[in-house]
Structures are given as structure tokens and as C-alpha cells.
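In C-alpha cells below, several structures.
Heads up, the next two complexes both have chain A, just with different partners, chain B and then chain C.
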Partner chain A sequence: MGATFILFWILSTLAFAAAMGILVSKKELYSVLSFIVLVFAISGHFILMNAQFLAIVNILVVAGALGVMFLYGLILVRSHRDSEQVKILYMRIAGVIASLLLLIVLTAAVSKASQNEVVLRPGTWIGHVDKIGEELFSRFFVPFVISGLLLLSVLVGTVVIIINREPAPDPKSVTL
Partner chain B sequence: MLTHFYVVLAFLLFSIGVMGVLTRRNALVLLLCIELMMSAGILLLVVFSKMHLTHANSFSGAQASQGQIFALFAIMAAAVIGITGIAVIFAFFRKTRSVDINFLNRLKN
Partner chain C sequence: MKGNYVTIDLALVIEKLVLIIAVTFLVWVAARMIAMADRKWLHPSPGTGVKDISESLFGATPRLLVKAAAVLMLVVSIMISTVIPWGEAVRIGSRNVSLFIARVDIGVLLILAFLWLGIYGGIAQRWSYVKNDRIGALFRFGSLFIACALAMGLAIVPLLMLAASTDLQNIISLQKDAVWNIFYQLPGFLIMLLGTAVLSKPSFTNDGRRIAGAGFGSVNAMYNLTGYVLLFLMGTFITALYLGGYEIPFVSDLALRRRFGVNVLFILQGISFSFKIIMVVAILLWTRRVLERYDESILIRWGWKLIIPAALINLAGTAVVLVA
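Right after this comes the complex of A and B.
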């Protein structure tokens, strides 16, 4: 019962609570904030597994960029009505039962698998930024460049989706 | 720490994501649940990159780094999915003034 064990359970409880917060909160704002808490908990797991580079990237990209983007999206699409007007009870019950069955099947599938420890063997430096950068810029250089092209195409595609093709309304006719 | 704990944790998070996609009707929360499922998968990638290191000479350092590089690309894919999804939700909201995906029922006929 070391410090790793205690930290694992604290982070797992935090991640589970944040995931339930995404699921059950009535307001979208609390869902987005729970998602940010979840990302921090998963980054804590990464640090626990000695994958510091991925932990920092996860916080910067997912919690920082994507979380803020979700908050901006929330501001833009906020409607004054209740966002979930139609609440179908039997669909909810069916969804809960289906996902619980999925959890049982997945857990049963791995229950007979061999158990291994998640450790860092000394001297390998796996998960440190120099090792990952070395691999990324030598063996994985082409996928790295292609992922950059993917990001560029997403930038262009997002603008194309969002752009307003309808003519702008006459400023005199706009009533606030 | 045994791998089983991490695997069951990732399955739990994934199942909560599936539950959210099946039960919630709000498009933004739906997208958040998809991101939650992606995060569970990324957690598993990092766990499995560290898994075989207890046995000497069973798994080289370069091979273990590949799992984390794959996780890096998966984080990028999650960001791409999120941003494209928000763009689609915004375009959808401008037409319907709502983020309820039950509106898409009218695509049926």
C-alpha cells in the first residue's frame, strides 16, 4: 500500500466523479467544467505512469484549447429554452441498460488476461520529451507532417462550415 | 500498479461516455461524451505502452515510445473531432435555434 496506490484511487475517484458530472448535470456549463476536471485527473494518471510529456500535452491541448473552445461554443449556442425538451423515459432506461451491459462484457473479456505491473524500467526514459521527440522526428516524421496537414485542413473546413453565406441583414431593420 | 485497475477504469469511463451518448439529447453534451470515450482510449494506450517493462529484454524502450506517440496522435484526433463538432453544432444552431438533436428526426423522410 504505497503512495502510488493511494494516488491511483484518489485520481480514479476524481475521474469517475467528473465523468458522472458530465453525464448527469442539467446545465451544459457544469458538463464542460466536469470535462476539464476529468482531463486533469487523466493527466494525473499519466504523471503517475511517468509519461510527463503526454500529461502536459493533454492539459494544454484538451483542457486548455478544447475546453475553452467548448466554453465559447456554449456561449454562442446558448438558448433560453430548456435544451432537452423531449425526454423519453424508455430510451433513457434502454441506454443505461445497454451501456451497463457493455461494461460487463468488456470487463468479463479481460478478466482472464494476465496481470502485469505498470512500471518504469530504469534507464529507458520512456515518456520523457527527449525520447518521444527523437522517435517523432526520425521514424514518425511522415505521420507527424501528415497530422499537421490534417490540422490545416480542419482549420479551413471549420471556416467553410461556419461561414455565413446568407447576405447580412440590413442594419436599420435589426431590432435588439 | 496492476494493469487491470487501469483497464477497468478506462472501461468504466468508456461506458459512462456510451451512456451519455445514448441518453442525453443535447448536442454539446453528446460531443463531450465522445471526447470522454476518446480520453478513456488514450489512457489505455499509455497504460499498455508501460505494461511489459517488468520483464527484462521483453520490450524495448523504442517500442514503448511508439505507444505514447500513438497516444499523441490520438490526442490530436480528439482535438480535431471536438473542433469540427463544435463547428457543426454552431451551423446547426443557426438554422434551428436549438441544440436538441431530436430536431434531426425531420431528416427521416
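Right after this comes the complex of A and C.
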């Protein structure tokens, strides 16, 4: 239990610090970097719970692809408006309401969660890639395919939206 | 916290951490030494485009971030070595010691994830060193990186379909005393070589001029060294995937093991593996040097219009052959 216990607390502290960093940091870029640290800490928790595949996919998709997308989005947004912060009152109120709703949903979900403990011994294959592949292609086949179709339609839609636009302003004329 | 966590041996964790930190520290020391040598014997040439500090996204001091990105890239590159099996086993005293740091059944995915994370280092590097047309440089870098990483991911998938496993140890043992994967997956092998050659290059050309990695100082040296670390480890990875890893060609490893024992086989396998890695790394270095001559935009065009469709066709073809 020793090492697991220590790792659990290290990872939890790291995750909490990173989550605070997302909220507190003034520069958006540091928020994105804190987000990546948070993803790593959560992946560490996944590994502790023997879900290696989930941990790596978390790093690959969320920290890799999603974080990069955030970063490039920020760069583009930043290059098109002034660096002063936009603070609108009703946006803040909407943010507070949305956060409270999320908090309620999360609390309800956690309180309803089953208390059954899954005992993992060396040699069990729960959370390993073979097992997840089997489940994805048997029990969860339809949701899997539907989510794939959804992503494909998003891709096609993006291409349709941008294909007939006038060319973007010359990047050299944009000043940061 | 009670039953549903895997118990991990504390000594094992500490050993791995010490190993990784030691290697990282050694590379850092090498970077400092290079920087000292630069200051002592070389004069910084004008026109490297360094020392431009942006205050828009990073705040006033991005130097720290650039250093952090350099360290991140280095650590992430070195982490690749943890899942590569370096040999079968070695017998010390009465117990067999296996020659990999961590055997995870997702070794291939882990390496891809760590490779992908290098994009942050590249972004931070370009952000702080490119002087004019920064957005263009960032987007060109992102486009090139994603094209290469995506093509490499697509190139590995048919191999995983052949091996039916994402465990590197399994993939190597399937090639043992059998046909190497390169004979089934030559296009994938070539795509991996090209992608590694592009991704491990710390400095892409920008406006006909080298950017970071061409300057002086320990950060630049670290970026260059990271490129070489990545080159070597990815060369090892490619060898393990396509060229049988530590397997000895033309003879039966099993017969050798029965005849000479584990330790002699370990030495022979080490020689075989080293030889293969040196060959692959030599090809990679040569490819990298050649690709340096091309403009970034040409590489991007090739990546998206040639390499990725080729990888997709390879994937579809392998699937058809496997099912049929």
C-alpha cells in the first residue's frame, strides 16, 4: 500500500494545483499548460487504478490533440483582438450559473456512484487494451460507430464551412 | 483507496525514477558543457533570429517557459526508453533479470503519446525564437508536426493488426526465428523513417534561415541533444517494430539459448540489436540531413498529400489482406 498511497497523494496534490493554475493564471497560455499538467495527473490516477489504456489515450487525445487545439485557437483569437481582457457582466453571471449546475450534477453523480470495490490482483485484465477492444466491438459497438460518424460529420462540416470563405488575412500583417 | 488500487513496489518506482533522472541530468550536463564551449571558443553569428521576447501570451519572461519546454521535450524523449525491451533476459546469480524498465501492454501507444507531446516543446521554441511571421511559423510547424505524427500513427496500425498486440515484447517475439515485419510492412517502415527524420529535427527551416537550435547557449544545445536522443530511441523503436529487435538473424535464438545459456545469448543479442540500431540511425541521420535542404512548405505538402494517403492505403490494403 505504501507506494500507492504516496503516489495517490502526490498526484492528487498535483491535480489540484494544476486545476487552480488553470483558474488563477492571468495568461491563457499558462492556463493551457496547467491543463496539460492536470491531464497528466489524472492519467497517473488511471494507471494507479490499472487502466493503462485509458491513461495513455487520455494523454494522447486530451493532452496531445485537444491541448494543441486550444493553444492554436488561443493564438488565433489573440491575434485578432486586443490584449485587454473582455469582461462582460452577463457572461460572468452565466458562467457562475453554469458552474453551479455542473457542481450539482457532479455531486449527484458521485453520491449515486456504487460503493462496490473492484479488487484487482496481478493478472487481472480489467482496463487492459484487449479487454477494452473486446467490449468496444461487442457490447458498445453501436455507440462506438455512432460517435465515429459524429466526428466524421464534424470534419465534413468544418471543411464545408471554410471551403468557400475569402482567403484569410495575410499572417504577416497580423501583429501580436 | 483500499482494494481497488494496484499495489506498486516502492523500490521499483524509485529505481525507475532514479534511472530516468540520472539520464536526464547527464544530457543536461552535456548541454551545459556545449554551451560553455560555445561561449569560450565560438562567437555568436548575427542573424540567428534569437532573443525576441513576446509579451502577448507568455507574459514578460518566456525564457523560463522555453527552458521548461526544453526539459519537457528531453524527459518525454527519454521516457520512450522505458518501454523498449533491450534484450531477452540476463542471469545474475540465480535469478533472471528482464531487460526492460516497464513492461506495459500498451508500449507502442505510450511511445506515440510521448512523441506527440513534443509538439509543445516545438511551439514554445518557435514562439520565443521566431522574430517575424510568428503565427505563420507556428502554423507551419503545427501542420508539419501533425502530418508526420498522424502518418506515423497510421503506419503503425497495420503492424498492430498483424501482431494483434500493442506490447513491444510480443511484437519482437513474434518476429523471432520468423519473417521480420519489414517484409510485410515496407511502406509503414519507410513512413516511420521519414516521420522520425522530420520530427527529430530540432530546427525546421524558416524563411531560408535556421531558427532555434542554431543559436548558442544551453537551451539550444538541449534542443539539439533532444533531437539526437529522439533519433536514437525512435531508431530503436523502429528496429523493434520492423527489424525483429534483438533477434539474431539467420540462426535460431532458441537453439542458441539451449546451447550456450542465457548470458551468452544476451551478449549475442546485444551485438545484433546494436548493429541493427546503428544501421537504422545512420539511415535516419542521412534522411534528416537531406530533408533539411527542403523548404518547410514542401515537406508539409508531401506530408498531407502523399504520405498520409499512402499510410491510409497501406492500412486498408493490410486490412483487406488480413480478412480475405
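Operating definition for what follows: the second predicted complex is superposed on the first by the 110 of 176 C-alpha atoms of A that agree within 3 Å, B and C clash if a C-alpha of one lies under 4 Å from a C-alpha of the other, contacts with A are read in each partner's own complex, and residues count from 1 in each chain.
What we mean here is this: a residue touches a chain if its C-beta (ideal position, glycine included) is under 8 Å from a C-beta of that chain, and two chains touch if they have at least 3 such contacts.
Keep in mind that this is a model prediction, so the values were computed, not measured.
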Which superposed partner A:53 touches (first chain B, second chain C, both, neither): both
First (chain B), second (chain C), both or neither touched by A:3: second
Chain B versus chain C as contact partner of A:63, first or second or both or neither: second
Touched partner set for A:158, first chain B, second chain C, both or neither: first
First, second, both or neither for A:71, with chain B first and chain C second: second
Touched partner set for A:99, first chain B, second chain C, both or neither: first
Chain C versus chain B, contacts on chain A by residue: B
Chain B versus chain C as contact partner of A:20, first or second or both or neither: first
Chain A positions touched by chain B in one structure and by chain C in the second: 4-5, 8, 28, 48-50, 53, 57, 65, 72, 74, 76, 79, 83, 117-120
Residue numbers on chain B that touch chain A, as the complex places them: 1-9, 11-26, 28-29, 31-33, 35-36, 39, 42-43, 46-47, 49-54, 56, 61-62, 64-66, 68-69, 71-73, 75-76, 78-80, 82-84, 86-91, 93-94, 97-100, 102
Touching residues (chain side chain A, partner chain C) in the complex: 1-8, 26-30, 33, 36, 48-50, 52-53, 56-57, 59-60, 63-65, 67-68, 71-72, 74-76, 78-79, 83, 117-120, 122, 128-130, 171-172, 174, 176
Touching residues on chain A, where the partner in the complex is chain B: 4-5, 8, 12, 15-16, 19-20, 22-23, 28, 31-32, 35, 38-39, 42, 45-46, 48-51, 53-54, 57-58, 61-62, 65-66, 69-70, 72-74, 76-77, 79, 81, 83-87, 91-92, 94-96, 98-100, 102-103, 106-107, 110, 113, 115-121, 124-127, 131-132, 135-136, 140, 143, 147, 150-151, 154, 157-158, 161-162, 164
Chain C - residues contacting chain A, complex: 1-10, 13, 54, 56-59, 65, 104-106, 109-110, 112-113, 116-117, 119-120, 123, 132-136, 138-139, 142, 146, 166
